[in-house]
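Sharing a structure here in structure tokens format.
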Amino acid sequence: MSESDVEHVRQHIKVYVTVFVALAVLTVVTVGISYLHLPTGFAITLAMVVATVKAGLVAGYFMHLISEEKVILWVLLLCAAFLFVLFILPLGTQIGNGPLWPL
Amino acid sequence: MRLFLVLISLFFLAAASGAEDKPWNPALGTAKVTGSVKFEGKAPRMRRIDMAGADAKCAEMHGGERQKPETVIINENGTLRNVFVWVKTGAEGWKFPMPEGDALLDQKGCMYTPHVQGMRQGQSLSVKTSDPTAHNVHGFGKKNRSFNRSQPAGASNVAIRMRRDEASPPMKVKCDIHPWMNSFVAVVPHPYFAVTGPDGSFELPNLPPGTYTIEAWHEKYDVMEQTVTIGDGETQTLEFTYPTKS
Amino acid sequence: MNEPEYGWWLPPNVSVQGDDIDTMINVIHWFMLALFVGWGAFMVFCLVRFRERPGHVAVYKPIKAGFSKWLEVGVAVAEAVILAFFAMPVWAKIKNDFPTQDNPVVIRVVAEQFKWLFHYPGQDGKFGRTGVEFYADDNPAGLDFDDEDGFDDITVRGLHFPVGRPVIARLTAKDVIHSFKMPVMRITQDLIPGMEIPIWFEAKSTGKFQVGCAQLCGLGHYEMKADLIIESPEDYQRWLDEEHAALGLDDY
Amino acid sequence: MSVVIPYQVEPHPVTGVTSGKLGIWLFLASEVMLFGALFSSYVLLRVGAAVENWPTGVEAGLNVPIGTANTLVLITSSITMVMAWASLKMDNLAAFRRYFGTTIALGLVFLVVKAFEYSDKFGHHIFPATGWPEAGDPSVFYGLYFTLTGLHALHVILGILVNLWLLFFGVALWKTDKERLTGRIEIAGLYWHFVDLVWIFLFPTLYLL
Amino acid sequence: MSDEHSDLGFLRKYVFSTDHKTIGIQYGITALVFLFFGFSLMMMMRWQLAYPGSAIPIIGGLLPDTLVDRGAMLPDFYNQLGAMHGTIMVFMGIVPLAVGAFGNYVVPLQIGAPDMAFPRLNMMSYQAFVIGGIVMLASFFLPGGAASSGWTSYAPLAVTATTGQTFWLIGMIFLIASSLLGALNFIVTILHIRAEGLTFFRLPFFVWSQLVTAFLLLLAFPPLQAAAIFQLMDRLAGTSFFLPSGLVVGGEQIVAAGGGSPLLWQHLFWFLAHPEVYVLILPGMGIIAEVIANNTRKPLWGYRPMVYSLLVLGFLSFGVWAHHMYMTGMGTTMSTFFQITTMIISIPSVIILTCLVISLWGASIRFSVAMLFALAFLPMFGIGGLTGLPLGLAAPDAHLHDTYYVIGHFHYVVAPGTIFAMFAGIYYWYPKATGRTLNVTLGKVHFWLSFIFMNGVFMPMMFEGMAGVSRRLFDPTIYDHGAAVHGLTVMTSWSAWCLAAAQIPFIINFFWSMRKTERAEENPWQATTLEWATPTPPPHGNFTETPVVYRGPYEYSVPGADRDFSPQYVKQEA
């Protein structure tokens, strides 16, 4: 491994530690929020936003997605598209099934 | 957990005592318990069974007349039919001779005959069909293995051997194709059981003298028990009254 | 009542919505036949014209088959037309336009392994209280017999309804998924346990037919049929009265 | 067998990654769909249940502090994992062993804590079959709790087994092919981070909401 | 290279082999056995349907009396046969044959690869498949018999079914794992291990179809995995993901907490099972494209539009699944959405089929046996596709839902469709794998009989469905409209048995040709793609010299060339 490579990794380590701290803080934050007893809808949104940010940090930095090759991003994009479908459509039919009873 | 331990120990006890079962001596059977099952209060509302829309062939077998469900049948003398009465405790320790042949359950006009019956542990239940339509014989065993066998019209009898005792409550046997069809089969380890008939009486003869717990079971009104002690050659009369006051 | 005739194509249709469905099925099949015959003729022609034989060689250069584009566009347009002018309006009418104003007959349909049960509200027009806890072998509709609204309710194993009057059926299942199928009414609707699904239909002629189950529900699935009796309003009323009379006998 | 299959170690010129890395990402994509389906089911079941019949984690008796601690354990194991890989990159096998061992140990800690949580639930007669609330029209909260965390724990166990193999046997590759080992550790790391990522979503959905 | 492989013991060489060709053949043989078994199950069902309640000849006497009554089939046995026929054919027959066998054997050869990207993973994929298959088959010997809730295993019926269902679920988990590993392997192999010069638009259409199929398997199967885990939990741990509150089975409330959703299973199941339909058909289309290009001696017409259609087809197949669920009470907004997507997805199929048909124009058609099957595929798949139209629309579906029309429709797609494609593939690549060609006369007998009887089996079903006869009925004649079309049922049954007899020439041909002394030429079909650049049969490591690709996949009858085919791997002076 070349010298510059090692230097590169050393810089990365700083980022990793920062990300780790951020993750720990966000964990505490999300738990803290849960003790505030916010309205359910708001609480769910907030918790999911925090979780998504955390997941983004893990995926982006620990899993190097931020600097990953395009092919992997494409695979994940495809995956995300289908995942979206998997979340939305069953929910749509469930809600569409709602009270149709006219009497 | 504790229940489990109790069950385990009971199992071993039963196994242990089973090993010591003495062959039954008919000369000892001198005592007798008789009695009747009374019904007090208002009979429940029920609907007659409509077979015509679902199975015309069965409806024809009853001349098109709708049948009453056999759940609660109150006899003219104010007694309750189809109550299963048996000796719950006190008759252990004997090896009774087995009756010959199988216990029979007939399916006729999409009804079971008999509606309630007792049979011996180790005996087979032979289910017969006299109907021009398909049935399935679905037994809901809690101790015995459950079974579910189809029986098209004209098929041979379905025989199921009952390996374990299952009398309280009895095993339910049902036809799913005709959901109104149900029947109850009590599997008893000894010959002391009876089902109340059109006069609401029962008789448990040939008992050896001793103390017994007699249990009565009805499919809707559940169980009742009484303890009785009888001496040599005696006859005791018991009376059960349903519905249970609680 | 006339004997229905069944053949190798659509069964007789006795429902007012059925005509739309039948038209659609027939139109689509003519469309399919046209496409298939067109394709087939082209293919057979190619097979003969371009068979391998001495002196015949294949052409490397692709032909300019502009018609293929038109064919595909044509199929797309035809599908769009079927969707916009047949499929959507027909289905929306069947599914959403409940005839609540037209004095409908309202019934409950309860499916269980392996029979149908039809629950009519009785003379008071009110359904009695029903609940899971009341279901028993001798009470298949799950009626609370102590509820006076329910006392006059009719529960039968065959479906009766009058001609020329809409029927609203509320479908529920006790145990597994069943499917309420009346071929002559062009109706299929799954019954999902834990849900109550309303449907409506209206007959335009009388007759004696069958209701079947179209969703595998266990070993007796094939036996899960019931009579479907569409009667004149007078006959229907007579039948209802008879059922009521029969009820009185059973209050013992 | 000496059939040489290309792009095991060197990245493919067009995609820019090794076969192994592409493979693990495809595997993770399918895992995303698996857990996605589980979460989608969670949403569907929750929407289908009455609001008052769906407990928050606290109402259901889940221990939030322990859950939080366990989250931190997993996050820490993720950073040690990435440090292990970085150590290999910097040619430091000893540091790699330390970090990698810590990762495995933290994974085990996570499992032990999880086991205590489970046995606590069982002790209170709460099983997957238990409804919440017990009467009325209960929801399947506990079923989801046990199934989702159980499946996640299974993934953790699998990760630990793979990591143990790498730590004790796979590491022999260091003598012959450093880059290949680094690649393998990176792949194991990707899987491990993914398991962490799943927990990041599981924790708030089950414990906090 | 190859000699080292031949030094390996029998086990390593034939049972635990990591060579893609051996694995492909293992897959092929296993899948053919399963297909044959699944077909036999159906033949027993056909007896009951044609002659309800009468004893099955010969076999009836051999079966235990829990399954038959004096030789006549019982309804629960019929349901077991139905469920297992579907499961075996789809998950243990066609997918392993189309993807596992043809994919494994042909794809690395066609892209000039020495082997798959992960040979050991490939072996594990096969092993998982075998384990899954054994678990499935073992369930027949359980006290309650095999799974009997249909191949769709709808909850709550499946949750309350006998132990066979548990085996079904466990078997499925293995089969899914197998498919996932295989799919991942294919994608990496196709993306990474192509020969020099083999750009994406020089890939044979078959490889494209395998690539799209692999993505479908990879991303659609996991939700079924999740669903299977849920159902297992429901059955074994007493949860109630698919059980709503207050279920009453057999007159008694069942012991479960409730709160689940029966429709959840259907969503998760069809999220897989609709893409699965394309998994079944796309490899078939790929094979057909290869065979047609080769036997028309000209390039495929519209290669690029076909590839794009393939990609669109794969992508859209994830958004149409609920057209299987119109009758579950779905609201009109959602059903409109699914009707539109369903109509859209028919367009790319039309494009592919049209391109294949137009490819015949200007050709010099060789009627080899493989080509006969390929040509039969086109109209048969056409019927299958077209009959999907009324089923994709909610209003006609109100009459046709779950009738024999549905059965006819999807069997036209997979039986005279995919199975014919598989036969075409076998006749086409048999010389590659064995070095012998299959006998042409026997092949033609096999083709014509199969063609006639396939239609004899499935065409009557369309009319039965039109008459409103529901599927999965043990005895449809108890309905009036079922009794009216009983003649068609009998015809179907006899056609099915004749179809079975029609496979005898194939089986004889298959084994007898293997022992022929006369060896086939290296490139018997004068084909252009890379698999014919290897020695026959290909050694371990495939290519004796690393192939380089110079041109597109179907350069037949190039003007000015000295032969009517210009292989991809031959550098020719123009």
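Order of writing sets the labels: A, B, C, D and E. Residues in every chain begin at 1.
In this section, a residue touches a chain if its C-beta (ideal position, glycine included) is under 8 Å from a C-beta of that chain, and two chains touch if they have at least 3 such contacts.
Computed from a predicted structure; not experimentally measured.
Counting C-beta pairs in contact, the chain pair with the highest total is C-E. Of all chains shown, the one whose average CA position lies nearest the global CA mean is E. Most remote chain with respect to chain B, judged by CA-atom centres, is A. Rounded to whole angstrom, the centroid-to-centroid distance between chain A and chain B, based on C-alpha atoms, equals 62 Å. With centres taken as mean Cα positions, chain E sits 34 Å from chain D.
Distance between chain B and chain C, defined via averaged C-alpha coordinates, is recorded as 44 Å. The set of chain C residues touching two or more other chains comprises 96, 112-113, 136-137, 195, 197, 218-220, 223, 225. Counting partner chains per residue, chain B shows two or more touched chains at residues 134, 136, 148, 150, 174, 176, 179, 182. Each of the following residues of chain E touches two or more other chains: 74-76, 191, 219-220, 223, 245, 250-251, 258, 261, 263-264, 267, 271, 329, 331-332. For chain D in complex with chain A, the residues that touch the partner chain are 11, 15-17, 21-22, 25-26, 29, 32-33, 36-37, 39-40, 43-44, 47-48, 51, 56, 64, 68, 71-72, 75-76, 78-79, 81-83, 86, 89-91, 178, 189-190, 193-194, 196-197, 200-201, 203-205, 207-209.
Only residues 112-116, 118, 136-140, 145-146, 151, 155-159, 218-220, 223-227, 246-247, 249-252 of chain C touch chain B when the two sit together in their complex. Against chain E, the residues of chain A that register as touching in their complex are 71, 78-79, 81-82, 85-86, 89-90, 92-98, 100.
Listed in rising order, the residues of chain B touching chain E in the complex are 134, 136, 138, 140, 145, 148-153, 155-156, 172, 174, 176, 179, 182. Of all residues in chain D, those touching chain E in their complex are 1-7, 12, 15, 19, 22-23, 26-27, 29-31, 33-38, 40-41, 44-45, 48-49, 53, 127-131, 137-140, 142-144, 146-147, 151.
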